[in-house]
Every structure is written in structure tokens, then in C-alpha cells.
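Presented below are the structures under discussion, each in the form of C-alpha cells.
In what follows, chain A forms one complex with chain B and a second complex with chain C.
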Partner chain A sequence: MKGNGMLGEAEYYHDKVVMRLVQFSMLWAVLAMAVGLWLAAEFVWPTLDFGQFWLSFGRIRPVHTNGIIFGFGVSALMGTAFYSVQRTSHVPLFMPKLAWFCCYAWQVVVLLGGLSLLAGWTSTKEYAELEWPFDIAITVVWVAFAIVFFGTIATRRIRPIYISNWFYGALIIVIAMLHIVNNLEVPVTIDKSYSLYAGAQDAIVEWWYGHNAVGFLLTGGFLGMLYYFLPKHAGQPIWSYRLSVVSFWAFTYSYIWAGPHHLHYSAIPEWVQSLAMVMSLVLLAPSWATMVNGIMTVSKAWPKLKSDPALKFIVLSLAFYGLATFEGPMLAIRSVNAVSHFTDWTIGHVHSGALGWNAMVTYGTFYYLVPRLVGRELYSTRLANIHFVLALAGTLLYILAMWAAGISQGLLWLSVNTLGELSFSFREVMSSMKPYYALRLFAGAIFWSGTLMMTYNLWRTIKGANVLKVLIPPVPARWRINKSVAQPVGVEAQA
Partner chain B sequence: MADMPTDFWSGWIVGLAIVGFAGLVMLIFGIYFGKQPHEEAAEAPVWDSDLSEGNNPAPLWWFWLILALMVFCVMYLMLYPGLGSYAGALHWSQQSQYEQHHAEFATVHDPARHALAETPYATLAQDTVAMSSAARLFADNCAACHGADAKGQHNLFPNLRDSDWLWGSTPEQITQTITAGRNAVMIPWLSVLGEEKVKQVASYVRALGTPQADDLPGHAVFMQFCIACHGADGSGNQLLGAPRLNDNIWLYGGSQADVELSIAKGRTGQMPSFAGRLDATDIRLLVAWLTR
Partner chain C sequence: MSILGLHKKLEENTGLLIFGILLVSSIGGLVQVLPSLFEKSLETPGVNVRVYTPVELTGRDIYIREGCHVCHTQQVRPLLAEVARYGPASQAAEFVYDRPFLWGSKRTGPDLQRIGGKYTNVWHELHILDPRSVVPESIMPSYPWLATQMASDTGNIEAKLRVLQRLGHPYSEDDVKGAVASLQGLREIDALIAYLQMLGTGYDAAATQAGGH
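Here is the complex of A and B:
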């Protein structure tokens, strides 16, 4: 490493890699949501696969989920983690070349992984469908990500660690653990492996993974994003330090237990289900604590909220976060799950979280971040405001359609006539779902067109511009970590 | 509990749950009633020029919310299985719930279902509730093979709405078909007869029922190899599920090529048994519906 704070040697943040990750994230958002649209269309016109196996529902469904979670989600999380960890540590990224490796290697994994899914490679575990060569590649990139992130924290120049880093850190550690344990498998050929677990154990491990992937990636990771970008953008301190601490630990503790709520009334032992259910209920508290903390943080910045699309997105995402984390614990209750499981209610819940929370908080963050990365104004605030309306409408219509569909399915399937026979056949129920599926398709199209609009807007914003070189500001003396070997910040070394 | 191998693991679960819960409670109390680090500090830390954490106390309603949730959880774990091998005060299990639902179902619906067993098929066929139940049963259990309209699928599954029955049309025979399933077996004839004779007998079979048929060269072959099952006039045998061949209804297609294929390669149609899946009442409803 060069010149540890020698006189006059200014240090800058590494932001180019952030910009690249943001670009990839948007690319995957557009592609993976287009696949989501195709799926939604297949519900309305089932023959839309044209007899092509690679276009069949079973093949492209995991392409949608993996593409959106790993392509869009993880790229966004990596980018924003790199951005915020430097700024909250007051150092440049640790091992920036490794950060670039993370950036590109990850895209290669997502691209080839997606193609392998189309080709029919699959380990069949939801959200962990990618076969063993990809599992290994993911592990390598993830370890690199961990080195860059924790290396930056270890070399930080400000003693306290900011709360967003706790969440990003939990994301990295927990996902590493989940990914490795869930994917322990015996390879037989390049495209086939068998899980080390069998039967009920396999199911428990899979949903321990599956739920905590939701918990620490789609929730925890994005909370990291929220905790940095929301106060930063609102120009206000996080409302309550104590509330963030208690919600972080309560969240981390209870989430780990909650996975088996995906397996109610199955072959797994009852006690596992019960513990998962009660922990899911406890989860309501930290989730809402975070929501309240966020909303109170912006409460002093309401005027800004009116005019600023980025802030609007972030605040709205909090509302959907609150909704999804209220709905989740309800779905985890045994008797509710008996109705909701296997219905579109689950899909509605997923997308109220995915569209309303994950996508919107990311959109808000990118609207804030991208102009700042290049030191320009957003190309069009008007377009961004239109996007806001489209995103809101798309999300609401999507979840309304799925609630209506899901709750009808659950109730119609359980309904019996005087003879004790089911009142409706599966086919009857499903063919009555067409209007809801058409509405979902429409909603998805609206949401997707907003995403396209945003991509254009951001592209115009950065077109022809260079990523700014941002100087690292000094740390207030009171909180500075004084390195005995070399003084970190240039000016200090003069004495 | 059978799924808990040893007391050790049960204790482990209980310990982990209780220690974790206690930790959470301590943290919450600490946050609300303990000393706060920031209160001592002259100023809160500032990151990245303007990022800081406020010192507002966590709101009291949140304290009550999480407390209520945790109290509920403790109560739930007292009542239901959750803490290791402790079965819970209610002795609830999936199995017991299942049995209870079954018992409730029996009290509510069994009288009506038992009455069905006494009701003649002809009366059932007039009963709208019975017939809509049967149609629902068919849609869920049979339509995948026999088609939504029960008219079968060419080359695979027989039409159930015509007058031609492989295994018999009486309610008893149909009940037997659905309950025990049917396995039709006709061996492949190519190796026995050779290509030439397969062609001849196929032409004969297609012509069966017409006056010219007996002049065809396939006649002799048929008389030698086929009549044991299909009968001398080709009218079939319902005991074996051997189809009537002297009509124009074909399970596997009536073109020269189709019939040659049936004979050359043999056919083994399988109707699955529903004994373990549908009870006698369901099957009675289906039979009434099929013979209506």
C-alpha cells in the first residue's frame, strides 16, 4: 500500500467499482423482471413457452428469482456496501483490486448461472438451484467480498462502527454460513450433485437457508442500505440509536429460528414448527422498530419529501417493509398458514416485500447515489416522479391481485359441501383465477416500465461523465483511531 | 417424543431457546432502563461529515409490543410442543389434530354419506348435489387421463361416455374397474407372426363385421391366434378387457398403421387402482355419474 498519509498525499474513495455495480444491478433488474413478466404471462397464456423447454415455466422461474435476487439484489448490495463502508470508516476500500474482482466475477456467476438454469441444470433447492460449480464460485466471490468489507472496517479511522455496517456485516457472515451448509453436496457430474441431507432434514436445512436468505439478504442487507442512505439523504441523524441496537439483535436472534415456518404441517417435527412460529411472531417487533426508526428519521425532513423522488422511494419502501413484516408473522401462524400455504397469497407476500421494499429502497438509493457519483443533477426529476407513481401503482395492483387470488384459492380449496366432498375442483378454482393473473401481468408491466424509465434516466445522468474523485474527510479528533505507526490523515503528519 | 433421539438434544433445544430468550429480555431491559453510552459522551460520533445517531429513547409502546409478543410465545410454548421433547399442556400434535378433524367430519357428514350407499344409482343420477360432487371427483382424479369431458384421449385412454366398454358396463363392473384398477395385456405379435401376417390380420381386423372379411387372408391367422381373447366374431371379452374389434370404435386408433402397431407391439393399458385414494362413497358417486 502506498504512502500511509505522507504529506500532501490526498486519499480518495474508490467509487468507480460502485458505479459499475450499480450499472450491473440495473441491467439485471430490467432483465430479471422481464423474465418475471414472461412468467406472469404464462399464467394467462400457458402455451407461451412455444413448446421450447428452455422457455417453460419450470426453467425460467428460477431464472427470475436468481436473476433478481443475485443479479439485481446482490449487485446493489455489494455496490452500496462498498460505497458506505468507506465513508463510514473514513478509509478507501481495503484491497480495491479484490473489490473489482468481486464486481466482475459476480456478474459472470449470475450470467452463466442463469444460462445453466435455462439448460436445465438444477439442484432443485429453491433459491439454491445453481449446481455445485456455481456454489463453489459463489463461495469464492463471497469470501472476497468479506475480505474487502471487513478489511475496510479493520483499517477504519473512526472508532465506532456505524449501524449500517452491522447489517452489511451480518449479511456477509450469515449468507456465507447458509450458503455453504445448505449446499453441501456430492457432485456426480459437472451438472449434477446430490445433497448431503435427505428427507425432512434436507427440508429443514433448505428452509433454514431459504428463510434466512430472505432475512439477511432481502431484509438485513437492504436494511444496511436504508440505515446509510436514509439519514444521509434526509440530512438527519438516525432517530434512535437504542432502537437500532435492540432491533438489530432481536432481528438477528429471531430470524435464525424462523425458517421452518415454511414447513408447517409437514413431516418435520412439531417442535421445530412451533419454535419457528413463535420466533416469527417476535420478529414483528424488531421489524416495526426499524420502520419507526426510519420514519422518525425523515420526520424532520418532510418538506424535502415532497420534492425529492429519491427520498419518496425510500420512505415508501419503509411502508411496504412494515406491511410485509406484518403479513409475514401472520402467515407464520399455523392456522393461517393452513389456508395461505400453496396459494398465491405467498406470492403476494413475496412481491410486497420484493417490489415494495427491496426494489423501491434500491431505486431511491440509486436516484440519490448515481447523480452524486458523477457530480451532476439527475437528468430528469419529472421522469423519476412518474416512475414513483408507476412503481407504487404496479406494486399495489400486484399485491391486491395476489391477495384476492390467494385468499380465494385457500378458502375455495377448503370448502366442502353437505356430502363432505370438496365443493370445487382444482381446475375450476384455477380457471377462475384468470382475471387476477391478467391483473398481475398488467401490474408487472407497469412496474417494469417504470424500471426501464429509471434506467434511461440514470443512463442520461451519467452519459459522458466521469466518476468523481472524492477526498476523504478528516475524522473528528474525539473518535479518531490513532495508529501508532503512521498518522492516517495527511495534515496530521506535519507535526 | 420419537423424533428426539436423546434427552441431551432435547435439553440442548430447551437451553438454547431459553438462554436466547433471556438474552433478548436482558437486552431490551438494558436498552430501556440501563445506562446509555451516548449519554455520557459529550457528543455523538459523526461519520462521513454529517451522519450521526440520535439519542431518542426507544418508544414505550414498542416495549409493550415486544413484551406482549414474548409473553404470547412463552404461553404458546407451554401449551404446544416446542421446547424439545416437552409435549405441551394441550398434548397437541399434527396427528391428533388430523384425527380430531376426521372425527368432526364423520359426525357432520357420515349420515349423509351412509345414506348414499342405500340410494339406487338411478336416484343418485337425479340428485344435483351428488352429481356435482361426482363431477368434481372426476375432475380432480380422472380428468387428467380420461379428459375433462370423460371422452378419453386418442391412443391412450378410453372414452367413458360411449356405449362401448372394455371391462363391462354394469355398476358392479365399473366399481370393480375403479376400485381395483385394470391391467389389459396383449402380447406383441410381431415375433410370433412375422411382418406379413401382421399386415394381413390387421386388414382382416379392420374389415371385421363386413361380409367380405372372411375372404381375406388374415382370417385364418385370426382364427388361430386371436379368438381365444377377442372371440370368433371379434366381439371381445370383458373378463380380459379384450376390446370388441368388429365395430368402429378404437382405443388405439383404427387406421391400418395404428392397428398394425397394436398387433405388432402389443398393448398394455393400465387403469390405476383407486382403492387407497377414494372411499366406497366416492366411487359410488362416480359410478352413478358415469352410468347416468
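Here is the complex of A and C:
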């Protein structure tokens, strides 16, 4: 490696693997959301599985969640991490062949994993349903991902490690820790294992995992995406770099404690539940600090919002990020949780995060990134603007439907008359959900149609084009890693 | 070294950054999760709790395979209405042989922890094969294949019991040797119903009186 920033020969970023991951990510978005639509339709027409085991609700529901989180989400995170870590380190990817391995091996895991879920292979733990052979395969790919990512940082030519890399780094490290501990199990046959933990202990470990998979993958990972692409796109440095650093550590420390709020009023020790509730409320601070930092960063580039659909998506995603990270702590309060737990309110909360935050920030990033990867204009800005309206309308309708459904379920289930007798039978409450489930199906269809439109738009953008070879620019003297060079005076300019 | 100085170092060193993230993110787990794994009250069976018979265990694994836990919880919270609807609140001691736990997170259908003995086997069979024949407003899927597939073809029951034995479940050698024979002639739906009928039978009223969970 040349440490002095004087380029002896031309070096280029590895962007082809980024493009391929973006393509896979969009493919999974379309497929996994289609499965989601099918599930929503089964709520309205329960015979839509046609008596086929592989279309049965209990089997395809984890296909939907795994497809979105691991197919769409992780492919997007891996692609954008590879893109941004090179640019914030001023070096090409470390071990590019290993990066290609990550790209393809991950798709094989997601594809075969999905099929195994249809076949009924499942360890049941939410977001960790895949059986032990896949747990091992995931670990292998994840280690490769870590080597490429941290290897690139370790060989960087620029002195500071930019904040987006911390979030991506936390994603890689913490998910590895959670994945390994939660999936400790004893194999019986290729398709079956028994958890190393039993009963209440198993529940505590699973929700330590489950909650923080949301935390460090769906929140932290995507914050990495936000912290690189938002300032790039807005053409502004992070409003307060110091705030981003403080909120990073506060986030990394406090998120982990919040898991057992998924087990309120359960048979786990009460102090564990109470601690989780308090730490969930604490979590509001770093979450909103990040949102404020994001909004203030855009505020100097406000006029751009009128003409740039990609930036609109990112700003909207920040609003939903704020909403979901407010709603989360509220749902973690025991008395609120008594009403919300087990109801469709949870489903609404998850989708305000998954559609409003994860999907929107990814869409905004892809609309920005894909044209730049091939050096062309986006095929149609008009289509992207229509997509924006569809995505917003779909998300809002979805959340409203599930709020209405969930809050009424929760209150009706708990309702008793003056004699302490139940006011409503379970059947009565269930059959009153029909209109909400129908509205949710409609909302999902709107959101999905926007995603299809985007896929077409991006496909037309890259059709027949090659991924550009981008020359790695030299590092300005004061940023060079060479020890003889003076300390950088501040890192803001890097954004 | 001041905190800012320390942080500057962290900001510029890959190894330190990795270590820092690992350290800071593991504190919560070490303080909050790890002690629970050594908490005896969470792994001591209640007086009425026994291991699953091979038939019930097979039924439980069918319940898992079909994803019943996706729509049905097995967890009664100590809330007035919930106890009135389903029965006594859950106790940790009831779950010590549950690998994995099946408490669930969504109640599209009702909770099942206290379902055992509430309905007849015939009702369950009708309901599983054609839910709307007994509950017209139900949105549950039907499971016709459970009536044609045999319980003895569902996984390797002997290997399962051996694994659970190693994990500390008190199965005797006779239990393991007789496991295959006990599944003979049973359909998958029979095993599933056997599991459903034993759910909730481990409850210990005296423990709740004494203030335990």
C-alpha cells in the first residue's frame, strides 16, 4: 500500500460488486413484498393457500420476514457498505474476490433458506428461524463480510474512520455476537435441532437477539447508510459530527438492554422486564439525536427537495425513523404493552419502521447511487416522483389500518364488565378485524406497485450500460495516514 | 489521557474500534441476560411438569413445522381479562422442557397454553382439517395433509430423545427404545392433538398462591 497518497499507478474502486448487490436487493424486495401481499390476502381470504402446505400461512410468514431482512436488507447494506467504505478509506476493497463470494454466497443462503422454510425446517425463533445448516453458512459469509470490510478500513489511506463505518462496523460485530449465541443448538437431523436453552431462558436469549437484530441491522446498519449517503446527497457535512459520535456510543450501549420488553408480563424475572422498559425509554435520546442531526443536515439543502426524488425519500425516511423510534419506547412501557402486545399494533409498528424507514432510506439511496454507478441520468424522474407518493400513501394506510386493528383488539380483549366477566368473545373481536385486514392488503399493494415501478426505472437506467471505473482520488496532505503529517484539524470536511 | 484524546485514538484505530464496539455492546447482555441463564427458578420443573412423551414431542414438532406459533401464543399474562379468558397465568416452571420456547408474539388466533382438555379430540380433528366447519368466522388455514402423513415418518424420534437426554431431560433407556413403537399407526394429526391436549397440564396452583410466577 502506498501510504503517502502519491499515486504511482491508477487505482479504481470495485463498484461492480456493489451494483450486483443492489440488483439482488431489489429482486428480494419485489419477491419478499409479494409474499407479504399474499399473507395479507390470506387474512382476507383464508383459503388462498389452496390446501397446499407450502402456501400455508405459518410457513410463508417467515419467508416474508427473512426475505425482507436478509434478502432485501442485508444485500442493500452489504452493497452500500462496500461502496462507502472504499470512498471513506480512499482504497479499493480489501480482498475483492472475497467480496464477490459474500455477494453470491449470501444470495444462495437466502434462496435455499427460504425454500427450507417452505419445507417446514424452522427453529421458530423470530428472525432466526433458519435451521442449523443455514446458521453455519450465515456465520461463514458474515466472517467474510467482516474481513472485507475491516480489511478495507485497516488499509485505508486517510487518518480518521468516518462515522458511517462505525455503524456498519457495529452491524457486523454485534449481529455476529447475537447470531452465534442465540443459535446455539444441538442438531438432531439435517432439518431439525433443539435449542441449547429451554423455556424462559430460551425466551430471554431469543429476545435479546430479536430486538437487537432490529437494533443493529435494521436501525444501526441503515444509519450507516444514512450517514454516508445523506451528506453526500445533500452536499452538506453532517450538521454535528460530535453529536453523531455521542449518539453512536449511546445507541450501541443502550439498545442491547431493551430486548426483554418483548416479554412484559411473562414468566421471566420482573427486574429483567423493568430494566428493559427503562432502557427502552433511554434509547429515545440517541435515536432522536440522530434524527435531529439528519434533519439539520438536510436543512441547508432544502431547495433540492423540490426537484430530487431521491432526497425526498431519504428525508421522509428520517420522519418515519423518528416516528418508529418514538413509538417503540412507548410500546415498551408495561401499561401500554398490556394493550398492544400480541395485537396487530406490533405489526403496524414494525412496518412503520420497515416500510417508512428501511425501505425508504434504501430507495432514496438506490435512486442516488444507481445512476452514478453507470454514469447516466435516472431513466425517469417522473416515475420516481410517482413512486414517492405511492410509497408514502402505502405506508400511511398500512400503519393506520394496523393501529386501528391493534388498539381495538387490545382494548376489546381486556374489556370486562362490572362483574369481572369478559365483554367480548375472541371470535367477536377477530371477526371485527375484517375491514382493517382488507385495508392493509390494499395499502401493501400500493406500496408494492411503487417498488415495481422503481425496479423498472432502475432497470431502464442501467440497461446496456457498464459500471463506471472510478479512479481513486489522492488524499489531501493533511488527512494522510502517514505519521509525519500533521493531525487533522477536524473531520467535518470529510463528509 | 482525556476522554477526547482517547476517542481520537479510537477514531483512528481499526482494532480499537472493533474492541470498543464489542465491549460496549456486550455489557447489557452480561448484566441482564447472562444471570438469567444461571437462575435456578427458571430451569426447575414444577411439581406437575413432566417431559413430553414421544407422541407429544412429535406433535409439538409438527406444531413447530406448520408454524402454529406464528398465530397462536402460549403465554397467559397475569391480567384480569386474560386469566378470565384463558386460565391461570403462565409459570416459568411449566416451560423447562420446551426447546425452543413457543410463547409467540402474535395472537391472530387465541392463546393455546391452557387449551388442553377444553375440547374433545374429535373437535380438534374437525377444526384442524376444516376450521370453518366448527368456527364459521375462523381465518385459520386447514391442514389436510396431517390426516394422511404418518407420525412415525416425522423426523427421527429416537435421535430426538437422545439429544434431549443429553440436554438433561429425564428420559429413561426404555423411553428411548420404545419411542418408535409408540408412534406406530398414528397419523400426524393424532400426535398434534395429543400435544394440544397436554398443554397447560403442568400448572401448579400452590406455586402461584405462594407468590411465585
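Worth pointing out:
We adopt the following convention: the second predicted complex is superposed on the first by the 474 of 495 C-alpha atoms of A that agree within 3 Å, B and C clash if a C-alpha of one lies under 4 Å from a C-alpha of the other, contacts with A are read in each partner's own complex, and residues count from 1 in each chain.
To be clear about the criterion, contacts are C-beta pairs under 8 Å (C-beta built on N, C-alpha and C of every residue); 3 or more make two chains touch, one makes a residue touch a chain.
Being a predicted model, the structure only gives us computed values, none of them experimental.
In the superposition on chain A, A:288 contacts chain B only, with no contact to chain C. Applying the stated contact rule after C-alpha superposition, one finds that A:232 touches chain B and leaves chain C untouched. Once the two complexes are overlaid on the shared chain, A:422 sits against chain B and chain C alike.
Once the two complexes are laid over each other on the shared chain, residue contacts for A:303 go to neither chain B nor chain C.
Within the superposed three-chain model, A:464 lies out of touch with both chain B and chain C [touch as defined at top].
Annotation for chain A, partner touching more residues between chain B and chain C: C. Look at A:88: by the touch rule set out above, it reaches chain B but stays clear of chain C.
Contact with chain C, but none with chain B, is seen for A:56 once the two complexes are overlaid on the shared chain. By the touch criterion defined above, A:249 reaches both chain B and chain C. When both complexes are aligned on chain A by C-alpha atoms, chain A residues 159-160, 245, 249, 253-254, 265, 269, 275, 279, 416, 420-422, 426-427 touch chain B in the first and chain C in the second. Against chain A, the residues of chain C that register as touching in their complex are 7, 11-12, 14-15, 17-18, 21-22, 24-29, 32-33, 36-37, 39, 42-43, 61, 64-71, 73, 75, 77-82, 84-85, 90-92, 94-110, 131-132, 135, 137-145, 155-156, 159-160, 163-164, 166-167, 213. Residues 1, 3-4, 13, 17, 20, 23-24, 27-28, 31, 36, 38, 42-59, 62, 65-66, 69-70, 72-73, 76-77, 80-85, 88, 92-94, 105, 108-110, 112-113, 116, 129-130, 132-133, 135-137, 139-140, 143, 148, 281-282, 285 of chain B are the ones that touch chain A when the two sit in their complex.
Residues 42-43, 46-47, 49, 51, 53, 56-59, 61-62, 120, 122-126, 150, 153-154, 159-161, 166, 169-170, 173-174, 177, 181, 186-189, 191-192, 194-206, 208, 216, 245, 249, 252-257, 259-260, 262-269, 272, 275-276, 279, 338, 341-343, 346-347, 409, 413-416, 420-422, 426-427, 430-431, 491 of chain A are the ones touching chain C in the complex.
Per the touch definition, chain A reaches chain B in the complex via residues 87-88, 90, 158-160, 162-163, 228, 231-232, 235-246, 249-250, 253-254, 265, 269-271, 274-275, 277-279, 281-282, 284-286, 288-289, 292, 296-297, 416-428, 473, 476, 478-479.
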